[in-house]
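Structure in structure tokens, see below.
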Amino acid sequence: MASKKSVPQKKSTLSIGAAVPHLPWQERPKGCADILWRYDSNPVITAGNVKNADAISNSAAIAYKGGFVGVFRVDDNTRLFSLHTGWSKDGLSWKIEQTPIKFKVGKNQPPVVKGYDPRVCKIGDRYYVSWCNDFHGPTIGIAWTKDFKTYTFIENAFVPFNRNGVLFPRKINGRYMMLNRPSDPGQTAFGDIFLSQSKDLVFWGEHKFVMGRRRGWEKIKIGPGPVPIETKEGWLLIYHGVFDSCNGFNYVMGAALLDLNEPWKVKYRSRRYLLAPKAPYELAGRVPNVVFPVAAIVDAATDRLAVYYGASDSVVGVAFGHVGEIIQWLKEQKDLD
Amino acid sequence: MASKKSVPQKKSTLSIGAAVPHLPWQERPKGCADILWRYDSNPVITAGNVKNADAISNSAAIAYKGGFVGVFRVDDNTRLFSLHTGWSKDGLSWKIEQTPIKFKVGKNQPPVVKGYDPRVCKIGDRYYVSWCNDFHGPTIGIAWTKDFKTYTFIENAFVPFNRNGVLFPRKINGRYMMLNRPSDPGQTAFGDIFLSQSKDLVFWGEHKFVMGRRRGWEKIKIGPGPVPIETKEGWLLIYHGVFDSCNGFNYVMGAALLDLNEPWKVKYRSRRYLLAPKAPYELAGRVPNVVFPVAAIVDAATDRLAVYYGASDSVVGVAFGHVGEIIQWLKEQKDLD
Amino acid sequence: MASKKSVPQKKSTLSIGAAVPHLPWQERPKGCADILWRYDSNPVITAGNVKNADAISNSAAIAYKGGFVGVFRVDDNTRLFSLHTGWSKDGLSWKIEQTPIKFKVGKNQPPVVKGYDPRVCKIGDRYYVSWCNDFHGPTIGIAWTKDFKTYTFIENAFVPFNRNGVLFPRKINGRYMMLNRPSDPGQTAFGDIFLSQSKDLVFWGEHKFVMGRRRGWEKIKIGPGPVPIETKEGWLLIYHGVFDSCNGFNYVMGAALLDLNEPWKVKYRSRRYLLAPKAPYELAGRVPNVVFPVAAIVDAATDRLAVYYGASDSVVGVAFGHVGEIIQWLKEQKDLD
Amino acid sequence: MASKKSVPQKKSTLSIGAAVPHLPWQERPKGCADILWRYDSNPVITAGNVKNADAISNSAAIAYKGGFVGVFRVDDNTRLFSLHTGWSKDGLSWKIEQTPIKFKVGKNQPPVVKGYDPRVCKIGDRYYVSWCNDFHGPTIGIAWTKDFKTYTFIENAFVPFNRNGVLFPRKINGRYMMLNRPSDPGQTAFGDIFLSQSKDLVFWGEHKFVMGRRRGWEKIKIGPGPVPIETKEGWLLIYHGVFDSCNGFNYVMGAALLDLNEPWKVKYRSRRYLLAPKAPYELAGRVPNVVFPVAAIVDAATDRLAVYYGASDSVVGVAFGHVGEIIQWLKEQKDLD
Amino acid sequence: MASKKSVPQKKSTLSIGAAVPHLPWQERPKGCADILWRYDSNPVITAGNVKNADAISNSAAIAYKGGFVGVFRVDDNTRLFSLHTGWSKDGLSWKIEQTPIKFKVGKNQPPVVKGYDPRVCKIGDRYYVSWCNDFHGPTIGIAWTKDFKTYTFIENAFVPFNRNGVLFPRKINGRYMMLNRPSDPGQTAFGDIFLSQSKDLVFWGEHKFVMGRRRGWEKIKIGPGPVPIETKEGWLLIYHGVFDSCNGFNYVMGAALLDLNEPWKVKYRSRRYLLAPKAPYELAGRVPNVVFPVAAIVDAATDRLAVYYGASDSVVGVAFGHVGEIIQWLKEQKDLD
Amino acid sequence: MASKKSVPQKKSTLSIGAAVPHLPWQERPKGCADILWRYDSNPVITAGNVKNADAISNSAAIAYKGGFVGVFRVDDNTRLFSLHTGWSKDGLSWKIEQTPIKFKVGKNQPPVVKGYDPRVCKIGDRYYVSWCNDFHGPTIGIAWTKDFKTYTFIENAFVPFNRNGVLFPRKINGRYMMLNRPSDPGQTAFGDIFLSQSKDLVFWGEHKFVMGRRRGWEKIKIGPGPVPIETKEGWLLIYHGVFDSCNGFNYVMGAALLDLNEPWKVKYRSRRYLLAPKAPYELAGRVPNVVFPVAAIVDAATDRLAVYYGASDSVVGVAFGHVGEIIQWLKEQKDLD
């Protein structure tokens, strides 16, 4: 059971942005030294929320009008996927719409309806959805909405093959910026994080390399997770890294701090992982050994953080932490080789 | 605990065939909308039934003399496999013979003793076993018995490489017919369903293509499961489909309705899966994420259906359904893309 | 230039069958110790023979009405293939028809027109063509003709995946027999030779294993080549074997002697190869390092043999030998390990 | 020896653009029915042109100031590659600079010096070079020059992984357009052609799918070749297609006609190949069986065409044709399946 | 809860060596017929024992000064590994040092600190550690200690690529002997057991083949496990074998009896496995389906045996058995094929 | 035709060792700037030298009693290989023995007869042969002879998997030293050069890493070639490097200079290759695109060098150079990146 009582107002926080006092929250359990800790009633979302669903997993939630809204990856029992809008008052109990989002394209063209691994980013008064689209191969689709009822598609902004497109929540130096992970048409046994720039979200260029794979938990590939969190010290990026064994991939969560003005510059990066598959619903499921972070909601007034992540491509879990603690933890790892 | 009390006699059924009033059975649990539902005391068979066994999994049960008999895939603790006869009164509690079946070949030749994934099909007064034999590579072996004590092998009816040979329970147009799935010597990352014909079960030809892989849960390969169930509307085929991820294969169950007289013609086919690995004994085991349907027993008087399936190549589970409901569910999916 | 003058009539020959005095022929060059030697004006057939052809390679020639006829594998400049009839007086200079063979199927069904690697076998008064067809994957197609103008297809006699179907030129023990090499849908890095039996060329069964890969030039796979040559000592089979290196496959020619009445029994088999790629047109071309034997014409009166083989999947070459010498050479290798 | 005498001025041509009367040229040989025919003194450029070179292959030539200039792919004897400027009066005999091109990047940044497979496209008074760059993986680099002495790099216009960036020689609908072939970091066993748009050559978007692989000579992947040739009927695109065998890839040349105003629409496309490896310098070399078209020079006054292509990744060859004939040949294939 | 009460002193034992009366122990559960049975409070060691650890798995324990000491494989939360010393009184509850072992190399050279899968072997008064080192690829490192505080490295005794180096606990015929499993730099889908000899533990030669893969549970590869146990009948070797499925590898435990004086001669070998993954902590974890035996402690006075094994590359389990029973069980399998 | 006339005696040479005035030799052709140039009558050895041979390729020649002797890799027409002794007066025309070398093993054991890629090294009055043996997988075999008639095998000195064992021609610091390249059982897509040490050629240890792959012509793997050549400036090592393309491997020749006393230290190493496949017999053959250096004979009086190399795994070629020039050329590359 989630408790909201015990949230003290911290005097000084690092987070920049709105207060979200109704953020889902549980204090760190006693005896636990983890930087990020799981909600004790995980998973918060399962296939049961949508008729004919096989799984609801890698999904994006965001604060909206005093409650929460989200774009959810729903795999149905054909084992194909689409995106659905969902609504919640407390960020834990969700009502997900039974029919998929239809992204409006141009006149006389059919809407786009397929996709997976959505992110939602508010820029100005629009909410942008970026996800893995199928434009003759997996690549990033972008659309926007103001009301989470009508979504407008921006014509193929990326060529294949790309995944994990993650926008920054404001223009920087007059440009929209998007993290992304160039890939291939298959299961992609490689991958580094790049940053692309645009003046209009339609044409993209001046691409930058941000960071690449490293040994350990991120030796196969990495990809950006939630929309970066603006703090006084830089953009806090939670990302996933992949490790392999003779029995497949392990998806694990890590973090980095990017420069505020030149966010392709990495100030700190975690040698240690933030969270790795340990809970039963993370270890077993459609794709065993996966935690895949997709959204992060921050209460800037208190630095409290709730991370939404997909588990084993089957369900959604939530984990909690403090923005300031994570940044401190990143700094402590500076000299780790 | 299985209950047989609550089985009402339906006025009109679609199934053609014998009544099997002692069919193992449980009503659909309240609140469950699944077309096929699991027996609540699954798994019904585990390795403990046979000495030195490592696993008893993909196995075929059939009604026989007021009870049930079956041919079981037993992997022993050398991790090699053989087929064993088993007996049951209620179809749930089984006594499996400790020594493998020895299929008699010709004079002065050693019997065939190895194999896996058996099906049992009654045609006339003979019970035919078809299974994955090793004739210089995996292929389909066929043998017959009348008493489940003596089994006679039919000389190499198929060249390698083939698996999942499934006979129809009667001649059609004067010919025996067998579904099969051509494959390769390894783990076979492809596979479609064909139908072969014979006048004598010895020489086979006039092969037909029945159906191929499709996207979604059956994108890697498909293979026929239990002996097709004759109904007024066609042959109901339960089959398996395979989906892959970065962490291996998922084996899932689906269904199709084949034309009664030209059973290579597919009338309906499920876009949705019937059953996918969700239970702990399906998600973890020797081969995680496997449900593999092998036998179906129907009580034609009531349309009730019990499906025997291997789970995670480790144990045997049973699931229940109604033939008429499944056919209705297939029809409802007609327009799904 | 081929010379036919110097052909002495041998007193006693091993070959059984018709005299073919007009067999293309050149004596073994001086100083050459090879068992099989190349025609000095090879290649005898190139793409130039057919308009829009890219290559004419693995093809079958047979003596016919005082001259020769053949079924040719023509790859056109779309890089797809079909079979064409061709005619020759001397077996060296050929006129190949510009349009592909259309194999008649049943009523209201389109003819079969695609395929490759044909063999032609005379049984009684019919000429049977067997080739690699595409019936939802590569497998053996069979058709017959009497005049090489109209060809009638026998409905799918084999399920996928099979290649190199080679008929025996007469019934044995009342059964048609066909050598074949079960394979897979791709480029098949394995393969052994089997024999299948039929009473009517429609239904096939009682399959036998004939011989498998061995180390050396045949370590990856083997497949039957020309129609077996009947001799007093057994069926002489010329076959191909495949060796691999870091730079791909080498296709090489070898031979075996099969039992006359039970032709799945191997009496002798060559440890040494008969012919390997050495000539420039064998070493370079569309697929380098390939000699692929497809047809053998024997003059039974003199034991002379002409072998037609595809070279580098690009052209057709001819090589010559003496049946008796080859059998003697096989016997000499009996003790080679 | 190349002859320029026999070039009649055709009354009406399809080509749009400048006359290039000094185009290298040889008439089609007698008896040759090929649409494209090779220069009889091929290869025109070999490694001998540059000190320490291992190979000079996939290179771009263009008419310039009454002669020709080009950007050449030079692999040196470390087996790494760079681009070199080269000069020629007749387009056949070339003087290639000994030192690589250094593409100027921004202030205080080192120049870009590595790359391969360049194209050169004149738009207005600038010559744009597009090539396969290494920006944390293979992708398209773009630079421009006016004098082929100083080249200015446009900051990373594409994310990895992409190859074969080919610009159109003018803006269309106010936008620069570039064909490209998304790929992967390795040897890329897949690939289709896309078109990307830009208002400034810096930011790219509104990507379109142009055409994909098909069976036959282009079954593995395709990629655009020379800068498209503007004609009254559309943009003539010469492209490469790749076919595979057990012994590797064959690179082959084909053609398509694209819509003038919406060049992502394919009006005609060749079922047949234009040119496949047949000459010794195409069949053997560092990478056997490769013809790779990179540049096409057209004399619009006469419709004559000279295609520069890399052969076996070792040398440069030239082939000749008539633009009108090629378009006619494309139309004739309209009904080929 | 482990109980030590019920250990009867057997009159005659097969084991040669010291009594270890404080051996961790539980009697075989009632109704259990297994030769090796699990400790009922497994796992005995988890990641919680070391700060920042992700897993503690394949580790070696040995009796030492009335208690136990061990060398532990600790994977930290960077997902890199090192070896740590650990101490225990009862062999079940362990205190593991927080910092890794630093193996001293020569003067002015940095210590070796990385590695995994250690074994510990007492020879004379030294304790030798052998493990998988990284000397330009995985290979066997050897070091020695007397006090488990200071460890001295023996200069690169093996070239890459080798794993699972396991010393015999005394010289045989004047030579140190080490079992080992030549491998490759990756995940090694092959592997047989060899024996290497040395007069000084520095220079190695006169290598012998001991035993290779076989069908069944050991069809992919095998590798020696704990230090061989000396008995009156030979050296008892517990080893691992690997079986594969479409969903990855299964690591399983078996046993063999080696000749006392010529230990490359195999007297008996198990057709059946000793222990396969069945417990939840063996079926799911970082690498599902792994039991990996590393150490065996024997109480020679009673023939009791405790085996330490890594489970799912995540934790350490203990299993119990009787040396004499295992040898008897090996003999009973002599005629199994 | 080889000419020996024009060999001037150089005043000062770098080579240390015996004069070999009868060294096969041709001066560098006019206009040729290559550091190593081919004998103009290559190949010097072909399959024709041995009955039933398919190829004679990677072979080792050495000066002996005023002429030359060698150990030859002979692949016979079973496509298996063995080693044969050969004799020559001029090093160009060779008489190769018809029967393979039988390496004597211990009493009552069969001799070793298989192997490939031999090197021959004189140390003291013994000639050591090292080659790729098959001891349960490819590894290095060592034997010695004094008369090239009787060869004595040293018991399995290396565990699998290793290839290209190359001895130094004298002890260094009291130890025999051998270069080697750890590999795997297959075609080995990786490989670096190590150095192993021994006091007795039986037991080996204190292994050192010498050098690894680098980008360019040696990006896949490298391996030592001929026995290192002692010079005043260090050991001159000619080695092979492997480059890959979509059509397989290219084997190329390079060089390095190793420290005289600590030969695992690399003083200079070639960024450029010494010789790459360019001649027809190198580009086409059993394995296209291979030059594989195996032996080098130096006339220390004049610094002249003759290198014997296998070409396309089919024949033997010879190339010439000057030791001093090669070392100078290595130094010039010092600053090449």
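Letters A, B, C, D, E and F name the chains as they come in the text, with residue numbers starting at 1 for each one.
The definition used in the following text is that contacts are C-beta pairs under 8 Å (C-beta built on N, C-alpha and C of every residue); 3 or more make two chains touch, one makes a residue touch a chain.
Being a predicted model, the structure only gives us computed values, none of them experimental.
> Common contacts of chain D and chain E?
Output, common partners of chain D and chain E: A, F.
> Return the chains common to the contact lists of chain A and chain F.
D, E
> For chain A superposed on chain E via Cα atoms, how large is the rotation, as a multiple of 5°?
So the copies are related by a turn of 120 degrees.
> Taking each chain's centre as the mean of its Cα atoms, which chain lies farthest from chain E?
Looking at centroid distances, D is the chain farthest away.
> Averaged over CA atoms, how far is the centre of chain B from the centre of chain C? Could you give it in whole Å?
Inter-chain centre distance comes to 42 Å.
> Please report how many Å separate the Cα centroid of chain C from that of chain E, as a whole number.
Between these chains, centre-to-centre, one finds 57 Å.
> Could you please state the distance in Å, as a whole number, between where the Cα atoms of chain C are centred and where those of chain F are centred?
Result: the chain centres lie 42 Å from each other.
> Using the touch definition from the top, which residues of chain B touch two or more other chains?
In chain B, 247-248, 284, 288-289 touch at least two other chains.
> Make each chain a node and each touching pair an edge, then name the shape: line, ring, star, complete, other.
other
> Let me know each pair of chains that touch one another.
Applying the touch criterion to every chain pair yields A-B, A-D, A-E, B-C, B-E, C-D, C-F, D-F, E-F.
> List the residues on chain A that touch chain E in their complex, please.
Per the touch definition, chain A meets chain E at residues 33, 215-217, 219, 243, 245-248, 250, 252, 271-273, 276-277, 280, 283-284, 288-289, 336.
> Quick one: in the complex, what on chain D touches chain F?
Where chain D meets chain F, its residues are 51-52, 54, 76-80, 187, 247-249, 284-289, 313.
> Can you list the residues on chain F that touch chain E in the complex?
Per the stated touch rule, the residues are 135-137, 155-162, 180, 182, 184-185, 190, 192, 194, 196-199, 202-209, 212.
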